[in-house]
Structures are given as structure tokens and as C-alpha cells.
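To keep things clear, I will list the structure first and then write my remarks on it.
So that you can tell them apart, the chains are marked A, B, C, D and E in the order they are listed, and the count of residues begins at 1 in each.
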Amino acid sequence: MERAGKDGQYARQRRQRRRRTPPGAPPGTLAADPGAPRPRIDAVLFGPAAFAERAIASPAELPIPGDHAVRWINVEGLGDADTVREVGAAFGLHPLALEDILDVHQRPKLEAYDDNLFIILRTPAGDRGWEEAAAANRLDLEQVAICLGQDFVLTFQKRPDADIFEPVRRRLRSGSGAIRERKADYLAYALIDAAIDACFPLLEHYGELVEDLESMVVERPEIGQIGRIHDLKRDLLTIRRAIWPLRDLLNALLRDEAALVGEQTRLYLRDCYDHTVQLIDMIETYREIASGLVDIHLSSISNRMNEVMKVLTIIATIFIPLTFIAGVYGMNFDPAAGPWNMPELGWRYGYPVTMLAMAAIAAGLVGFFRRKGWIGRGRQGPRP
Amino acid sequence: MERAGKDGQYARQRRQRRRRTPPGAPPGTLAADPGAPRPRIDAVLFGPAAFAERAIASPAELPIPGDHAVRWINVEGLGDADTVREVGAAFGLHPLALEDILDVHQRPKLEAYDDNLFIILRTPAGDRGWEEAAAANRLDLEQVAICLGQDFVLTFQKRPDADIFEPVRRRLRSGSGAIRERKADYLAYALIDAAIDACFPLLEHYGELVEDLESMVVERPEIGQIGRIHDLKRDLLTIRRAIWPLRDLLNALLRDEAALVGEQTRLYLRDCYDHTVQLIDMIETYREIASGLVDIHLSSISNRMNEVMKVLTIIATIFIPLTFIAGVYGMNFDPAAGPWNMPELGWRYGYPVTMLAMAAIAAGLVGFFRRKGWIGRGRQGPRP
Amino acid sequence: MERAGKDGQYARQRRQRRRRTPPGAPPGTLAADPGAPRPRIDAVLFGPAAFAERAIASPAELPIPGDHAVRWINVEGLGDADTVREVGAAFGLHPLALEDILDVHQRPKLEAYDDNLFIILRTPAGDRGWEEAAAANRLDLEQVAICLGQDFVLTFQKRPDADIFEPVRRRLRSGSGAIRERKADYLAYALIDAAIDACFPLLEHYGELVEDLESMVVERPEIGQIGRIHDLKRDLLTIRRAIWPLRDLLNALLRDEAALVGEQTRLYLRDCYDHTVQLIDMIETYREIASGLVDIHLSSISNRMNEVMKVLTIIATIFIPLTFIAGVYGMNFDPAAGPWNMPELGWRYGYPVTMLAMAAIAAGLVGFFRRKGWIGRGRQGPRP
Amino acid sequence: MERAGKDGQYARQRRQRRRRTPPGAPPGTLAADPGAPRPRIDAVLFGPAAFAERAIASPAELPIPGDHAVRWINVEGLGDADTVREVGAAFGLHPLALEDILDVHQRPKLEAYDDNLFIILRTPAGDRGWEEAAAANRLDLEQVAICLGQDFVLTFQKRPDADIFEPVRRRLRSGSGAIRERKADYLAYALIDAAIDACFPLLEHYGELVEDLESMVVERPEIGQIGRIHDLKRDLLTIRRAIWPLRDLLNALLRDEAALVGEQTRLYLRDCYDHTVQLIDMIETYREIASGLVDIHLSSISNRMNEVMKVLTIIATIFIPLTFIAGVYGMNFDPAAGPWNMPELGWRYGYPVTMLAMAAIAAGLVGFFRRKGWIGRGRQGPRP
Amino acid sequence: MERAGKDGQYARQRRQRRRRTPPGAPPGTLAADPGAPRPRIDAVLFGPAAFAERAIASPAELPIPGDHAVRWINVEGLGDADTVREVGAAFGLHPLALEDILDVHQRPKLEAYDDNLFIILRTPAGDRGWEEAAAANRLDLEQVAICLGQDFVLTFQKRPDADIFEPVRRRLRSGSGAIRERKADYLAYALIDAAIDACFPLLEHYGELVEDLESMVVERPEIGQIGRIHDLKRDLLTIRRAIWPLRDLLNALLRDEAALVGEQTRLYLRDCYDHTVQLIDMIETYREIASGLVDIHLSSISNRMNEVMKVLTIIATIFIPLTFIAGVYGMNFDPAAGPWNMPELGWRYGYPVTMLAMAAIAAGLVGFFRRKGWIGRGRQGPRP
């Protein structure tokens, strides 16, 4: 049932994955997913002394430069190509960047355009939305686009209900930390940092999953576990594809020749870089452990089955000689034909002696098997 | 049957693969495949203001420089070495490049000659021709040669019926986008981009194949699946060989010191580069999943078989003690010889008591096996 | 039981691992683990001519520069964020460094700030505390932070009872070696060296574990060993994550452009680097051997089981024809109905001849199996 | 038998492999293999206008520089160290190069001496000699040494009967291509190209072998195939060792700072480089497929065996309950002792009813197994 | 027994491995192994014109510079730290180098000190001592330290009875080659070359071992072979750890900026480098083959076992229907109760007909199994 649901979900994933710009279309073709929610725009404007937050109904209302040191425009929902195009045009985004924003199957990357830096990240949706997603076998990391200009930051998110940038907005509102005094580059850092930090709970969740599977595989081996290990490996692969490119991305950002990223912010980006390396470390460790689990699983399942087969075979083996003896005395040789013809049948204690002999043979076999360590003691075995 | 067809197809592939320039031949020896279709040449001439499209009957009719800003000569079908040589000569191609065009088993590469760049790509044939090919177990990516000069682009394709450049031609015809205003380098970019974009549907097809196999292997393990996984891995290997070199190729193109590729076009080529990295990412993911499938398949098949063996063995084991008891009372000890000689045979309820004892033993064994979790409950097992 | 304890311990580990700065917190947020022991500070002050050692009750008492050439402040226990912040402030540590000190799940790294170098290491706790930890399946390497300034070294350790720097303190006390005459960089080297040296006993312990498992797996294969091999591989993975980054760390330290590390000390750091490479070498060797052990284990267990099955099957096989013969002479064909109806039953020596025939068949089968090498000689087999 | 022959051949190989300069001998010690054929020297002298070919009886007759633009001296057979030394001395070869010529177990490499380039290649012997060799399980690639000077090329081959340079000689004789007009560097290129080209038929042969094994393993799994896969993998390893170093070799040749390789020839060497990369690609693909074959083989063999076991076990399982019933009615309870003692034996239709019951049980079991998919339909199974 | 001996030997190895400088000791602490033999010093002094060889009783007698162009001091046996320290002091060795000499578990490395180069190598002991060692499962490569100064070479070896430098000493004595005319750098080269050359017989030995195991595993699969393959893999790992670092070491020596290594000697070191690469090539090849052997072994053993099980199961299966028939006619239905009650028992030819029917069934089953390829022909199977 679970899997049937999974099948249906695969079909959905496929349809989604297909929604790409058609091959051969001119570069910069904007194709919005009509099923996606309509964009919702809000702006946060701030400087050392000022702070304003406002919802924006249409791209025409976008704040113009001048009043505030930094303008942060956040677009949630990518269901309308025109809105995205107009927002992009207002800030001088390159058509290729606009195309990348709408095609939500991008790999994380940094693109340096003449007067802005364009960044694609993949991150778990906020508020542990990924936990439900992972439970429903639909782990998919959301694409987030960040565009950093001289005095503005644009952010584009697909889902309107899972704002991973909320903590940053709260810090801006409260004015805590030095964030209001810094430039746009520091805001961009804070957003990237929030996106990377959001991966830690995800990986901790998978760390627990790995440990749960580990103890289950060792202690209670079951056939279905191979599927769970496979799902785990597949999810880790998905996360890995989202995290690995971050390292190069941050490296490129640190080496950025354009003067968009200030010296002071670089220090903070190096901290981001360290977090990324730590995430990669965790992923690789989990992947390696998961690979080892396959071996243990196969070994455990096969051991369990062998244990069953062994016990059953031993039972069969004990009865085989006994049945043979019973068969012998079931033969119809005529005792009257000669003194050597089954005289046992006529003995006074023939039957009880035979039964005792059978019991002795059974006991002997059990003792032999036990001495060989095939039954009973075989379980705990000789420990060094 | 399917495989028999595959055998025949292998033989054909072999014959094809053999058609190389013989070892030791002087470099630049042109050896056309006589079975290949005869070349069909068409030219697209355009500039910011003009656009012309014409079929070319013989190399002598090739357009001369001057009238148009960019000349794009497309040759389809490589069945005649002379035609290829004459076309090449008209545009100053190096003999080694000509040799590479005709030897259709090249690896993607970029060769920088004095006044032109020579590019070999491998790409799925247009119009989903590859889908039939893949269905018939003949996945083979077509070789495409692109030669970029100052004011011309030459393209050479093997199959005349599968033009992957059609979308570009349509854009040129309609004048949509800025393509007519740009130089030859942008046209070359557009052609490369079309070739790379054509790989996405192919990989999506294989992505679905991977998912189908995945759910089949987990839910309905069958022996023949190992062959299908192997075919999948092999096809992915083929695609990988076609895609991986693209990364280096595009890198070299971006670093190109010759001034053939303009600054503006480089930006677009970087986009191509990103797509290539994304393709590589997909291939590697599929390959890794496919490798994991082998493990799951082996485990599933072996589990299924063990399940069978276990049930059968349990049946056998239950009957073995019963048969033994029946054997005992089939013995011919003479009850007359003494009171201990099988007195049960003469008891009033000997037979029904024996039958009940047998039933009790059978029930006891079933209960024992069930408590051990070997039958019945063993399937759903104790879940944590 | 052992594993149940492990489960509980996993839960504890998880809780511990969760104690990170919450995602989206401003950088430099200090979150101390309230369950950790309260900090205990001590200072060692020395120069070529002077040496003083004192316990420090509160950050206000920290020694000021001037009197001694080198000040080494050691903080043990990280249970109070304020103390750590004040110590850090007194020496000009960057807020990000302070955050790293308190988050005890960092990867080893070197961070170069303007006027100090900040180093995170992971090392086994002193006095072989790791040995008990490893025995209890809780191998976790302690995080140590070292901060090197112009004339001071700060060290932060989590556990107050496992000072791995004790040997260095002893050398300073006794004045042995040239350590008192050197600058702060040499002290930092001595501390790093002590931390790296502390890994050798740990790895030697695992080297012995590998060898023990190796001989057990080959000589006394048992089912539970796969779990032990897995635990071993997991611990090696943990150690590897702590040691590998040291190589880059020391490389960065050797290339350090800030003039904090003197030429002479570099020579000693190169020695540290060699030790690190040797540790990596050991880890990789153990990991490779442990991987091989899985194969041997699976092969050995399966061989043992096959050996059992073979012997049992052979016993069954020998009795099957005999039981068949007994069955034949148990048939009730009426000898009176014709001369061909089981005349053997009436022969004088029918029964003994039948028994001898059975014995002959059994002996023949045993001989056949023996000649095939399936029993008896099969064990020691033909050696070349 | 085949393998016995292989054993003998191993012994021979070992003896051969032992013939190295003894450890500790001074560098440049020349140790010829006394069993190797005696050297046969021939010279090809040419320039744009002239061409001469002559056999050379002794090193004293070697052509002196002057008359011809390029002198190509080819030595076949390495059975005499003195001859090789004299030829080398005449052209100023370094003693280490001479040692390398005679030690025929070298890895391909390029050595740049002051006034010449010394190249070691490994290549399949000409005229498909390798095909017989491979058939006889003796795949060994011949070592060829090429020394390129300002106006001469020396070549040394071990076997006198398998001249892989014959095609180049034919081109020189016929004057086809531009080869006579070029310098020594182009001749060296032509020779290297011939050696690399000679690898293509070899790899195509192995490609076919891979495909043959592939279809055999999938369709007709047999136990012996594992040995053939192993032989294949081993041969591919041998070829790989001969081809991989070529890439670095050609790279070094292309970067060569000594002015021995002209600009024009470099273009051709780049073509060689491409061929090498293509060869490497093929080898790696075959190796990967061969590795996958091991999995398929193990799976197929085990499936085949399981299939056998399953059928046999099912037969046994069907008869076990029937035999039990027959055993029951073979019991000797006395019907006279009471009305419940086996009254069936005295029923009018007891026997036929029992037989019918048995048939019904057998049919029921067959039906049950069939419904479970264990027999009959299990083969083609439920396809999605 | 063999393994018991191995256990004891492991214990010894462990004790040895433990003899390291204790963690936290000051750098340059010299800890000699008290069980090691006492040092024996000898000096070889030479120049183009002079040659002297003398045993040195105490470090005080060490030759002073001046008389000879090159002084080679060889110390064998490392049982006394003071002697080593005094020899080192006489030639200005760094304390860290002295520590490395005495800690005989170093990785090969090159350390450039101010006025000398310090080299650690690992090499098989001379005179094939390793062959006995390998036979006794104790493969351990000896550590050799070489220190190259302007006019001297120091060498330190652990075992006094296995001088791998003897061939070099002989060449110096005899004055063969140019060795006496060269400087200290050439002597150092000659010693390194001797150490590397000493690895070839070792690897040839393992090459033969690989081939022996290979043919045994394919032809005579036995259970114990997995242990031998594991030992082989382990030894190859040991050798690999000794050889791989040589490549970097020689590279560093070739790039050496200190003017200790002359231009001419570099040429010879490049030859050493080639030998090292060749050794690495051999090791990797053997390792890959050994890994493949595990697969073949598992497959062969499992095939052998399956073969046994199959034959036995077939025997059982043939007799099961026969036994059933015998059981049927052993039933006691009363023929007198009705005409359908086992009339066969009273037929004239009932018994022989039954026996013939049984024979027919057995023959039919044998024929069926044979046609299925499960017995008889199954072995040699259908070959293509």
C-alpha cells in the first residue's frame, strides 16, 4: 500500500520533472509552472537608522533605490512568469538568471554577472516541512534563488508557506546583532547561512534514521529492511547533490573579484564554508554506514534463514534412521521360512528393545550434533 | 527471442565498429562508410537584416563569404568522402578534422586549429528517435561535428532524418530572439546548446526506467531483472561516455584564446556548462542507484527462494515424525510372543488414540514454528 | 543486553548532538550546554627566566601582558557561556571563534583571524579514558580549541578531568627541553603535538582489535562477528573524520602568511605533519583490512553452515535407499497368488540377505561420497 | 588441460620475468636475454628528394649523417647486448636508455635526454599475432623503444617477425602523403601513431569477447564462466597498464621544451592523444562491464541452482503427505480389538477412496504451489 | 597450528609496535629499543683516486672531512641511543631526524634540513631474508635512514645481518662504473637505487603467489583459501605502504632546491622514479587480481557445495516416489472386504509389475533430470 502510494507519487514527480523549457528553445525562455502558486512579493528596507517592511502588490510598486541602504525583495511562489520577469527587469537580472529561477530543478551554483551575483541553493523547506515530506517518501529540497546587487538582495522561493528566511527577517525587525548596520553582502550572507543551517536538522534526522536502521538490522533482521536502506541511500544521494556544490559555490564567492562581497563578510562566509564541509562530512559518513548496512542485512537475513533450515534439517535427520528401523520391522519376511527370518519379531521383548534402541539412536544423534556445536551450544559458541 | 534479436544486433554493431581507418594509414585518410546515406547539404545564410535558406546540390555551389554575416552549412549523411572533403576544403578544414568527421566513433572533443574551432559531440538523434532505439536495445548516440570559423559554422550529421538542429533553424527563420543579430560564435553556441538540451529527455527517460526497475525489483523480484539492470547500467555507461567529455570541452571553449568566441557568448556557454554538470549529476545518480539495485535484486531473489524453501521444509518436517509413528505401528512384532510386544495394536482405542497423538504432534510443531516466527507471523514480524 | 545499553546510549548521543545553535541564529550566538561542567581556568606564565602557574577564579583575574614572555590560559569545562566570552574578549577572540569553542561538534580546522590563529582539534581524552569509552561502545573524540596569539595561547577543553596537555605542563614545570626559551608558537606546536601523539595509543588499540577480529573471523567464525566488524568500521570512520582534516590544517599552518609561526617552529610542525600522515596511513590500512573481513566473515559463516547441511544431507541420503528397500519388503503382495509375488519373503535367508544388501548399499554410498571428497577427506582436501 | 597448459606457461612467464638486471647492479648495466633472437638491423634513409632502404650487417656500417634528411634505424631482436650498445653509442644514447631497451618489462615512458627523446611503448605485435596469443592465454604486449634525435629515429623491437612499423615503411617507400618531406619528428609521430593504431583491433577483439561473455552469462550461465571473466579482466588489466601511461607520455611530448618536436607535428600528436584517450575510454568501459558480469554470473548460477532445488523440493514435498497416509494404513492395529481400530481397512471402497484422497491431496498441493507462483507460472511471473 | 604460531607472532609484533616515544615527550626524545642489537659502525672513504674502508669502534673515531671526497658512514643495529646521537651530532643531524632513525615504524619520507637531506625508506632485508619472513607470515619491511650532506652520506639500518647496501660497497671496492668519481649525491642515489631494486624480487615472489593462488582457486577451490587470499592482500597492503610514498619522495628529491643533488644525478634519480612507478604498477595489478580472487573463490566454493547438494537431492528425489509406492502396497486394506480393495496384492504378477513400474519411474526421473541438464551433461553444458 505504502508502495502503491509511492508509485503514484513517482508519476507525479515525473510530471513535475518534465516541466522544463523545451529543448532547443532560445536561452532565457521563461516557462512558469502553471500549477505553482502565484507570486507574493514583500520588501524589507533597512539601513543603520531605518527599517520598513511592506507587502508589494505588483512589480510596479517595487521600492526604488535611495531611501534605504539595503533593499531586500522576497518573491514567494513562482506561478507567473511575467511577475518574475518584471521584478528581474527592475533590478537588471540577466535573462539566463530569470530562466534559472523558474526552472526549479537547478543544481546549486554561483553565476557572476556584470553587476550582480546570482546564487541558486537547495534547502529543506522551513518549519520541518521536510520531515513530513521524508515520512511520505517525497524528500525534495526546495530551490532558492538569491541575487546580490550593490544595494539590494532579491530572493525567490517556490513555496509560499515555508519561508526559511523568517529568522533573518526577525533579526532585522528586532535590530538584534549588527545586521542592520551592514551592507547588502552581509544580508546575503545571513540568508545563505540560514539556508545552510536549515540542513542540520535534516541531517540529524537522517543520522537518527541511520542509527535506528543500524540497530534494527543487527538485532531484528527482516526482509523489508533492504528497501528502507535503499530509500535511505537514495535520500542521502538527493541531499548530497544539494550540498556538495555548495563547497565550490562558497569558494567562488570567497574568491569573487567583483567588489560585491566585502572583506568583513568574507570572514563570515568562511564560517559558512566550514558548516558546509561539516555537512558533507556527515553525509559521507552516513552514506558509508548505509553501504555497510546492506552487507550486514544480507548476512543477517541469510543467517536467520540458515538457522531455520538447520533446525528443521536436524529434526528430519534424527527421524530418518528411526523411520528406517521401523521400516525394517515392517517387512513381511516369513519367520516360518527359516530361523534367520526376522526372529526378532517373535522375541518376547522385541518391541520394547527396538523402541529403546530407537531412543538411544536419537539421543546419540542429538549428542553428536550438540558436540559439533550445531544445536544448543552453537548459538553462544566458544568465545575467546 | 528478444535476446536473439540482440545477438544479431551485436553482430551488426561489430561490423559497424570495425569501419575505421586501417591501422598505419597516413593521417587524414578519409574512409567513408559506403552503406551510409549520401550527403545532403543545405545552407542557412543570415545577418541582422537578411535571411536565406537554400539546398545545395554540390560543393561547388557553396555560398562564398561576403553577402551575409554568417553562413551555416549543414551536411547530413556521410556516405561520400569526396563531398565531405570538398566542403571541408572550401572552408579550410584541417585533414585531421575531416578524418574525424567520417570516423563516427569519436569521443566528444574540441580541437583548436589555426583559424577555426572543431568540435565533436555525441547526442541522441532528434524527435525521440533514441526512444525507439533504446526500446530495441540499440542505444547509440549520434556523432555531430561542428566547425566554427570567423563567419561560418559547418555542421556534419550522420543520419539525414534526425536533424537535432531543427529548433535552431526555426528560431533563425522566425527571427525570434536575438540570434540573427549575433555572430557565428552565437550560432555555434545555439547548436551546442540544442545538442546538450536534447540529452535531457533521454536522461529523463532513463530516470523513469531506473524508478520502474526500482519499484519492480523491490516489489516483484524476478530472475530476469538482473539482465535489465545490466542493460540499464550499460546504456548509462554509453551516455556517460558521451557527456563527461563535454565538461572539458566547454571549459576549453570558455578558455579559448583564439578570439573566435566573443565575451557575450561566453556567458551563454557558461549556461551550457551548467547544464552539462547537471546532466553528469543525473547520470552519476542513476548509476549509483542502478548499482544499489543489483544488491537489492540479489537479496530479493534470494529471499523469495528462501521463503519457498522454508515453507516446503516446514511441511516436510511436520510429516516426518508422523510418518515415523505410522512406521512404528506398521512393524510386525508378534503380540502373541509376549505382553510387551506392541500391545497397543490390540487395544480397543489404539488407532484413534494414535491418530489423535499424531494430530497433537503436528499441532505442537506448527505452534513451535509459529512461536519461533518461522511461519505465519514471521512475515510481518515484530516491528519496533 | 549489550545492545539495549547501546540503544540508550544512542538516545543520549542524539540529545547531545541536538545541542547546536538554532538554525538562523545570528553568527556568534553563544549557546553553552547547561549540563556541561562549569569552566575551570588555570594560567601558566613563563619566559626564559621565569615560570608561574596559577588557578584563576574569574576572568577578571586573567594575567595581563608584560611580565612573562608567554601566557598560556587553559579553560576546562564549557558549561558557562559568559566565562568563555569574557576570556575570549580579554584576548580579542572573534565571536565566530567563541561560537566554535562552545559548539563541540566541530570538524578540525584552522581559522586565521587578524591577530590570532584559531585551531580546532579532536583528540582522544587523556589517561586512556577513550579505552573505557571504546569498550562501552561510546567512542567519541573530545574537541580541543587552541588559539595562538603573539604572546599567548588559549586552550579550551570540554572535560575537566582528562587533560591531554598535562605532559606539556610537566615539561614547562621541569624546564626540560628548550620549551621555556621559545615563543608562544612553539608552545602551540607542543600542544598540537601532544594532541596528535595521543592518537597513537588509540590507533594501536584499534590495530589490535583488527588483528583479534581477523584471527577470530578466520578461525572461529560466528554470526555475531558481523556486528563487531561493523562497530569497528564505524569507530574507524569516527577517528578518520578527526584525523584527515589535520593534514590540511597543518599544511595551512605551515603556509601561514601571518608571522605568528616562526621559521624554527615550522620544522617541528612538519614533524607533526608526518605523524598525521602516518596516522592516516594506519587508519586507511585498518579500514581496508576491516572491509576484507566482511568478505571473509560471510564466506566463513556460509562455509560452516554448508558444512552442517552437507553432513546432514549425506546422512539422509544414505538412509533413503535403505528405507525404500524396507518399504518394498513391507508390501503385502500375496505370495500365494503366484510364484513371482515376493518369493523372497519365503526364502530361508531372505531377511539376512536383505540386511546385508542394505549394509552393502550404505557402504557403497559412503565410499562414493568419500571418493568424491564430500565426506572425510574433503576437509583437508588435496593440497598442491 | 587448457589450464595445465596455462600452468606451464605461467612457469615460462616467470622465468622470463626474472631476467632483469640483478638488484644493486650499476646503472646502465646491459643484460641481454640470451634466448632472444639476434638483432637484425635495417636502415631507411630519406629526404624530400631521396629514399634508400638497406639492411645493415654490423653496427660499423650504420649510415653517417649528411646525405639524407632523416635516418631511421630499426633494430629487431634484442639477443645481443653488444650490438645494441654499439648502435646506441653511434647515436649518442644514454646508458640508462640502453638498459631500458634491453629490459623488456618497462612501463611506457618518455625520457628527455640532452639531445634526444627516448620513448618506450607497449603494443600488440603486428599481423594480429596477439590474436593467437590471446587465444592461447598468453596476452603480452611487445615493448618498442623509439629514440628521436635531430635527424634520426632509432627503433628497437624484440620480435623480428612482427614488424608493426611496416605500414609506415610502405608509406615511405611509396612516397604517399607528405611523410618524406617532413623531418624526423614527423617520422617519430608516424611510428607512435602506428603503434597506437595497432591497439584498436586488439580492443575491438576484447570488445567482442565482452559482448560474447555478456550474452553467454545472461543466457547460458555455467560454472566455468567465472574463470573466463577473470581471464578477461586480467587481460584488460594488462592492456590498461600499457595504454594509460601513453596519455602522460604524449602530454609530455606535447609540452616538450627541447625543440625536437616541431609545431606542425604537435597537431598530429594531439590527434594521437585523442586516440589514446579513446582507447582508455574503451578499456574502462570494458572493465566496468566485465565487473558487472561477475555479479550477473553469480546471480545466474545461483538462480539456476535454486531453480533445480526448488523443483526437486516440490516433488519431495508433494509425496511426503502421501507417503504418510500410506504409512497410516500400513499400521497393524487389530480391527478385531474394537470398532474404532482402523475400520477403514474393512470398508468395501476403503482402498479406492484412499487412493482418490491421495490424488486430491497431490492436486491440492500442486494447485497451492502454482497459485503461490512457485511452479509453472512462476517462471514468466507477473509482468507489469 | 600455523595460525596459533601466527597469534604468538601477532603478540610479538604488538609489543614491538608499542615501542614508540611516549605521547607528549619533547620532540627529539631518543628512545632506543633495548632488545635491538648494538650499533656496528663502518666507514667507506673514497674519491676519484683513493678508497679506504674501515670499521669504527666508537663515534669518537669517525673520519673528519678533508682527506676524501666522500665519506659514507653506515650504522647497523640501533640498540643504543647514545651512539646514534653522537654519530648524528658529528654530522650535524637535526634532533628530529635522530628521533626518526630510532623509531623504526616511520613512513618513507624526505626531510630537507638546512644543510642535509634526510631520507627514510622501507625495503626488504637483504639476501632474500624477506622470503623466510613471508613464509613465516611475518612480512615486515626494514626501515633504512639515509642522510645526504655535502660530502658525506650516513646510513642507518636496524638489522646488522642484512646489509642491502652490500652491492654498492662492492662496486666502490672494485671501482667499477664511475661511482668513485662522483660526489656524495651519486652515492646516495646508488643506495636509494639498491633499496628500490631490492623490492623487485619481493614483488616477483608475490606475483608468483598471486598466480599460484589464482590457478588453485579456479581449479581446486577449498575453504581455507580465503585466509590465504586475505594474507596476500594484507602483505600487498604492507608493501604498498612502503612503496607509494617513494614516488612523492623522489619527486621532492628531483625538485630539491638545495644544491645537494647535482644535475647529472637527477637523471639517474629519474630512472629510480620510473622503477618506483613500475613497482606501484605491479602492486596495484596484484591487488586488483587478488580482489577478483575473492569473488572467484566464493563462487567456486559455493558452486562446489551446490554441486554436492544437487546430486544428493536428486538421489533423494528419485527414491521418494518409489518409497511412496512401496508404502501403498504395504497398506493393510482387507482384499476380502470388496473387489476394489487392493486387488493388485492378489494378482499373479502384482509384485514384478510393481517393481518394473518403480524401475520405469526411476528411469523416467533420471531421464527428465538429464534432459533438464541437472545431471550428467549439466557439467560440461552446452558450449557456444
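Throughout what follows, contacts are C-beta pairs under 8 Å (C-beta built on N, C-alpha and C of every residue); 3 or more make two chains touch, one makes a residue touch a chain.
Note that the structure is predicted; figures quoted are calculated from it, not measured.
*Asks:* Please report how far chain A has to rotate so that its Cα atoms sit on those of chain C, a copy of the same sequence, as a value between 0 and 180° in steps of 5.
*Replies:* 70
*Asks:* Roughly how far is chain C from chain D, centre to centre by C-alpha average, rounded to an integer in Å?
*Replies:* So the centre of chain C lies 41 Å away from the centre of chain D.
*Asks:* Roughly how far is chain A from chain B, going centre to centre by Cα mean, in whole Å?
*Replies:* 25
*Asks:* Can you list the residues of chain E that touch 2 or more other chains?
*Replies:* Each of 298, 302, 309, 313, 316, 320, 323, 327, 330-332, 342 in chain E touches at least two other chains.
*Asks:* What sequence of chains forms the ring when you start at chain C and head for chain E?
*Replies:* Loop order (chain C start, chain E next): C, E, D, B, A.
*Asks:* In the complex, go through chain C and note every residue touching chain A.
*Replies:* 3, 6-7, 10, 14, 17-18, 20, 22-28, 94, 96, 105-107, 109, 111, 113, 212, 216, 220, 222-223, 226-227, 230, 233-234, 237, 241, 294, 297-298, 301-302, 305, 308-309, 312-313, 315-316, 319-320, 322-323, 326-327, 329-332, 335, 342, 344-352, 354-355
*Asks:* Quick one: in the complex, what on chain E touches chain D?
*Replies:* 164, 166-168, 170-171, 176-177, 179, 190, 193-194, 197-198, 200-201, 204, 207-208, 211, 214-215, 218-219, 267-268, 270-271, 274, 277-278, 281, 285, 288-289, 292, 295-296, 298-300, 302-303, 306, 309-310, 313-314, 316-317, 320-321, 323-324, 327-328, 330-334, 337-338, 340-342, 372, 374, 381-382, 384
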